[in-house]
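Shared between the two complexes below is chain A, which has chain B as its partner in the first and chain C in the second.
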Partner chain A sequence: MSKRQAYEAYRKERQDKRRPDRRMCSAMMLFFFSGFLLISLKNEIAWQGLALSIVVPALIYVATMWLPRFFPADKLLLSIANFLCALGVLILYSTDLDGGTSRGIQQAMYYGVGILVMLFCIMLVRYIRRWSFFIYVIMFGAALLLALPLAIGTEQNGATNWINIGGTSLQPSEIVKLALLLVLSYFMSRNRLLPWLLFALFSLGVLMLQKDLGTALIYYFTALFMYYAATGNLLMTGFGLVGAAGASVAGYMMFAHVKKRVAIWRNPWMYYETSGYQIVQMLMAIASGGLFGVGLGLGSPRVIPVYFTDCIFAVICEQFGIIFGVLVLVMYVIMILRGTSIATSARHSFHGLLALGATSMLGIQTFVIIGGVLKLIPLTGVTMPFVSYGGTSMVSCMGLIGLLQGVDSLNRDDLSYDYEISRSLQETADLPDADNR
Partner chain B sequence: MKQLRFRFRALALIVIGLLTVAGVYGVYSVSTYGSRWFSNARNTRYQSAKRTVVQGDIIDRNGVVLATVDEEGNRVYQSNIKSRSAIVHLIGDNEGNVANGVDSFQANYLLGFETSLTERVTALLRGETRRGDNVTLTADSKLCTAIVDAFASGEVSRGKAGAAVVLNYQTGELLAMVSLPVFDPMNISETVTQNTQHPFWNRALQSTLPPGSTFKIITTAAALENLSDVESLIFTCTGATQVMDQLIRDYNNAQHGEITLARAFRVSCNNTFSQAALLMGDNALRKTAESFGFNDNFLFRDIVVENSVYPTSSRNDVEVAWSGVGQSQVAATPLHMCMVAAAIANDGVMMEPRLLSKVESPSGVVRLKYSQKIYRRALSAELAQKIDGYMKDVVERGTGTRAQVDGLTIAGKTGSAESAANGQNVTHAWFVGYIDDDAYPYACCVFVEEGSSGGSVAAPIAKTIFTYLKNNTK
Partner chain C sequence: MPIEIYEIVAQGARYWFLFLMALIVWRSYRWFVRDRRQRKKRMRLLPDAGYIGEMVVIDGGDELQKGAALPIPREGTLGRSRMNDLCLPLQHIKNKHCWFCYDREEGLRMEPYHGCTIAIDGEERTGRRDPLYMQHGSRLTIGGAELRLRMFAGFETALRPSAQPTNDENGAPQAAPAIMTQEQFAQWQAQQMQQQYIQQMTYLQWMAQQQAIAAASTAAPASTPSGNPSPLPPTAPESDGYEPSDEPIYDASSYAPPGPSRQIEFDHGMNFYPPTDSEEDPWPYAPNPDAFPMPEEEDFYAQELDEDLTDAAAPPKSAYVGHDESEAAKKAFWDRYLGGGEKR
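Presenting the complex of A and B:
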């Protein structure tokens, strides 16, 4: 090797090390390391926090740098999803400290499980070829799982959507989200209207029976979005929108609690003593944070009811400020952009619809919860994707990312396959127009 | 797949659009309402901050310290019980009974939420307790005490509830704001909490009341704008105008006969102004009222004021006729009526009322300095000068003669507003007016609940205020 070649090799290595994904990963690891360190040294030394300051950055490294060695991946999407998951762990741990709860530790475990689920979903999309058989397995399994709470469910916050299996409780409607996407996109890509309509109506009906209105809303709009994407039928989509509007007006007229929700949304201060309490507390928390926040681990997040799930965005705004809150929104927007790009570069309409469904589900859910927290729309009890406390929510969100990454890895495989073909064509055939770009 | 791609992008745009709306709305609402949400009495955050941060002082325009902290870090007010009671609604009390006093509405300064990171770190390294910023007000606390005294010395106004506001109409500085009855913030007894006059209620900012004849300033402005030759028009006052099935009567059933608008303003003839209101119609009157700030969402930087109302629903002639004399669901706060008078004095320009003159950190960093801002132009300078002439007439030889002060040109308008309270009709006394003198550019509004007559009950209190201003300001 000549001197010059050695130098070139050295430079290439240096450039490799400076790759942006590496830098982003290091920045994230540093952010969470210092964040957990700060909280655990706040009062007396909290060993759990110190452990998390190592574990969470390690999980980030595994998920964003190590796993992509085994299949091509969209690292930006992956990094943002992991950042939000770790942010949830950080916020939950910071609120644990003076409350004696252990949600931070649990959320870190769920995060680990989430990474495994993501991996599983990537495998699913990547390696299953006989969908014509598997889709029915998924469909009937999901239908059964979804209907299970009606038989053995427990009631939480007015909705019967939880089941207890061997000491752990889980919310089937969250996990069935993944099945919904697979089933809808499979049948839509094959233009088989009846099966997907039946499945969608069945899921919506079951959710209505369970009074899980927030999730029903997300299911409905995801199905509607996918229907428009697959058929381009504006008329029917318009009917769908009008139907949704009609249903909400009817709901407003018929149910007293829907009326109350809307009244609270219009003026929460009037109902402070009773039902407006939550939203007033959220608004005051956001206002206390101001532009730059009161600081990590400070403020009083625990006065907000369900600060750890529905209202966690208010806690983020209080501790990090509204600017950071807007940046979190921007992260979701970037995820949606990446998801759309994955959907548009898919080769099969099944994969394209799957990626689009996952993307729109993510976007709709984010809008429903953040819009609710900021009092743009009435608050409905859905979780904030990746950040909210909860195992099932984490599983479904990481599963969504898994589906997206699966489609993306196939796209990238296809691209490199194309590249190989064009290369071999260039080498073998004497094509007149083949240039060497 | 190509068509699919187009639709994918369209759908993604919709979702991104929704999220953008959420973000923009969030930033907008926090920047507009954030300080109001934060300073809410229900916010436990600044209550708990009081334990770790030493509250800053509140100082009036003459350097009198209105509120400070003792060695243990507790809030203490002036030692003179009368002085600290007079400004209790301006400052607020430590238990949060009075809404949006300086002590709570400016908590972000007083409790050091605006302190920058470097300042906090410096304080930490020096081992100092964190101190909040000191707030200097535009208000004159002695004037507030004088106003409370003036209420007490009036035969009718003694013991009555009421409010008074004094503004500098050229700059918008709030010189005084008093709500009666007052109470001692350091000793809130059972007699205060049980008092049916509701001492905690800040009537100057929170009570929207029928402005009665003081609203004729706005009716006049609307008439001059909308009715040509209204100045030469002769109205007929028989003491009671029949509108549909109801009679619009004058105060004390006075009969003025044939009367011009100028004279009607001077003697406060209800019949004339009802007829004028019917002539120009509800919409014209509402438009002028809205240009004076009615139906606007008041978002002043330093004070929280209840919004004034001019009804927007379609109404019958009786209601429109009553609106012309400031009744029938027309409602405004004493502060807003003071701003109306101030706009006439300031050639039609309404200044934003401001209360903070300076905010300074203990180490001398100036965080905020007074800056004046135009709230809105209420009417043209030409019209303002015309109404200015009418208002001077009122004090010179009309219903407001008891507001006259030797050596000053005073302009004003009295009002006796009827209101139903506990099933009974009661009459509130109003006076709005100002000194027409560039050396004393002050406007005031006096409101006496159940004071019956604006001319004989509210105007003398305004006279005391004007006299004080003449003797005590440069």
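Presenting the complex of A and C:
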């Protein structure tokens, strides 16, 4: 081995130990090992918790370090998504012990399903080149699925957007999010206005009928964002924003529950014992946690109505503190910045719009739920991505991550091809002459 | 564990969790920034990344400078407005005149928008119903200007079936297609080897004649013991060089191309340069594979750049090269990677 080769091998070995994915994975594994270990010692020794203290870090290691060897994946996005999912499992499990529920274990199972959906979405983006036939199948299938709750749906928390299939509740609007992104990206990249506009309007109309205003808000602003990215038409985008404001006013005038939500948002203390109870309890939980929190497994999260879906952020702030909550938001911001970077690096407009749509959807959903919890905006019924309890929500969020990673894998292929071309030309210049061989 | 002790432990552990969370966030942020920096460095070494070629202005009138090269991305729009990927400030075109997209098999697909007209190699189109395709060297006529497409090495495309090379008016065969199937390549290789054999035989015949001329000019005419005259002519013919004889030098019917020393199995659909027949006789210009280790995919973003990748060793500013250079580069690339892989 020459001196240069020895030096290169030494440098590679040093760099392997300091690889960012290894360092982050080790920190995450330590976090969840200590978290589950602590919570399992709260009352009597919870063997389930002890098992989770081994299983969850192992799952994180497998998902972050092993999975990218077999499937093209962005390790940073994967790490952040894994961390947030595991955080949700930890928080839900910590509230299960006192209430006798098993949401933490169920959430862990949903996470496994989410991983599979993510892999499917990666393969979908990576290997399907001609979307002209599939897109119509997806469009009509999604429209049918979205309209299904109107026929056979059940009402939960004031919205008729759930269906029961074989004892399992399913929220079609969460799954149709992925279809919406594909449809919008395809037709916008081909500069065909009518198909995507009709599909978006149909989806919005159905969601309004189901009274799922939070999801309608996400759909609308995602479509508007993607439209601006595709066309650069500031005038029409401005009209869209004005239209959103007008629709909000019209909704306020037309729907009584919208009026009630706005009234609660403006002054929840006036309705403390009735409709404002949830917001008041959330604010008190965040305040009682202070900067550093009351401690994992302590506090009174179960006092907050529906704490496991809409208000999970308040539970995090109560147990871990406001500083921890801010750091969770920073994780979301890093994820969004990474998604934006992937979108701007895409070589085809379809992939760029798809990545941008997935990123904006995650960002808008995060803003809507965090803003509602902190009383910045009226509270809606959307979930916190990756953290909130819910199988369909977990599946759709992991699907969005899968779409992002599929686009990223294509970007890296393109870049490595450009790199190979330039290297082959460079080596041609360095090749020895025929007489000197 | 008693609840009182648990509370104390949990309140102590919250600082531990906060520390770990801060560490995780800090490492995520550092990772993100590092990847961004790495990517910027690599993009500086690849100034043409994302571009497939250039549109060179042949006749731009007053608005476009003749000879200007406008880079073309893989997909985009063309028009007068500055928001287009290819901005042509021509009076007679619309703000968004045309949409283009690179197709690996067909070439650069051009779709004019509704009511817009373009012409490619003399063929005119209006509206997006019927797109046109441009290959390397195609001419685009738009709004009174004329541009020519130059594709970068590695983005050449196969000719469409309607444009397969045929003999021209004089019966001379035109240039071979840039990309061939396996059978076509085998035929082309056999033709090349036949031509090389013919050239070698011609050269040997000429050398023999030159030697004979030289020997006849230096040696004195001598008679054989039998008194028969020397078989050589008494005087060397006056000639400055080789004079082809009327009779054919070689017998083409006697040529039999050599069979391969070993059967080569092609695993890929589009192989252009199969590996050499014998491993002991490699391509003479192939470099030592160990001299240039290929970076792994995961190292592409994570590791620092090699010091050798300085500006001095960096590729030239534009990746555009001529056809011969690109062919030589592809051959070296193929042999360097032991048979190469599927071309994109």
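Couple of notes before you dig in:
We adopt the following convention: the second predicted complex is superposed on the first by the 414 of 437 C-alpha atoms of A that agree within 3 Å, B and C clash if a C-alpha of one lies under 4 Å from a C-alpha of the other, contacts with A are read in each partner's own complex, and residues count from 1 in each chain.
Just so we're on the same page, contacts are C-beta pairs under 8 Å (C-beta built on N, C-alpha and C of every residue); 3 or more make two chains touch, one makes a residue touch a chain.
Just so it is clear, the structure is predicted and the values come from calculations on it, not from any experiment.
For the composite obtained by superposing both complexes on chain A, the positions of chain B and chain C are free of clash and fit together.
Of the two partner chains, neither chain B nor chain C is touched by A:Ser132.
In the superposition on chain A, A:Thr274 makes contact with neither chain B nor chain C. Once the two complexes are laid over each other on the shared chain, residue contacts for A:Leu337 go to chain B and to chain C alike.
Using the contact criterion defined above for the overlaid structures, shared-chain residue A:Thr168 touches neither chain B nor chain C, since it reaches no partner.
By the touch criterion defined above, A:Gly232 reaches both chain B and chain C. Taking the C-alpha centre of chain A as the apex, the lines running to the C-alpha centres of chain B and chain C meet at 140 degrees, rounded to a multiple of 10.
The partner of chain A that touches more of its residues, comparing chain B with chain C, is C.
Contacts of A:Ser349 after superposition on the shared chain: both chain B and chain C are touched. Superposing the two structures on chain A brings chain B to within 5 Å of chain C, judged by their nearest Cα atoms.
Overlap of the chain B and chain C contact sets on chain A: residues 232, 330, 337, 347, 349.
Residue ranges of chain C in contact with chain A, taken from their complex: 1, 3, 6-7, 9-11, 13-18, 20-25, 27-32, 34-36, 39, 42, 45-46, 48-50, 73-76, 83, 99, 101, 113, 152-154, 284-285, 287, 290, 292-293, 297-298, 300, 302-304, 313-316, 319, 321, 325, 328-330, 332-333, 336, 344.
By the touch criterion given at the top, residues 1, 3-5, 7-9, 11-12, 15-16, 18-23, 25-27, 29-30, 33-38, 40, 42-46, 48, 108, 113 of chain B touch chain A in their complex. Of all residues in chain A, those touching chain B in their complex are 225, 228-230, 232, 269, 272, 280, 283-288, 290, 299-300, 303, 322, 325-326, 329-330, 332-333, 336-337, 339-340, 343-344, 346-347, 349, 352-353, 356, 359-360, 363-364, 366-367, 370-371, 374-376. Contacts from chain A toward chain C in the complex involve residues 5, 8, 12, 15, 19-21, 23-24, 27-28, 30-31, 34-35, 38, 41-43, 68, 76, 79-80, 83, 191, 232, 292-298, 319-321, 323-324, 327-328, 330-331, 334, 337-338, 341, 345, 347-349, 412, 414-428, 430-432, 434, 437.
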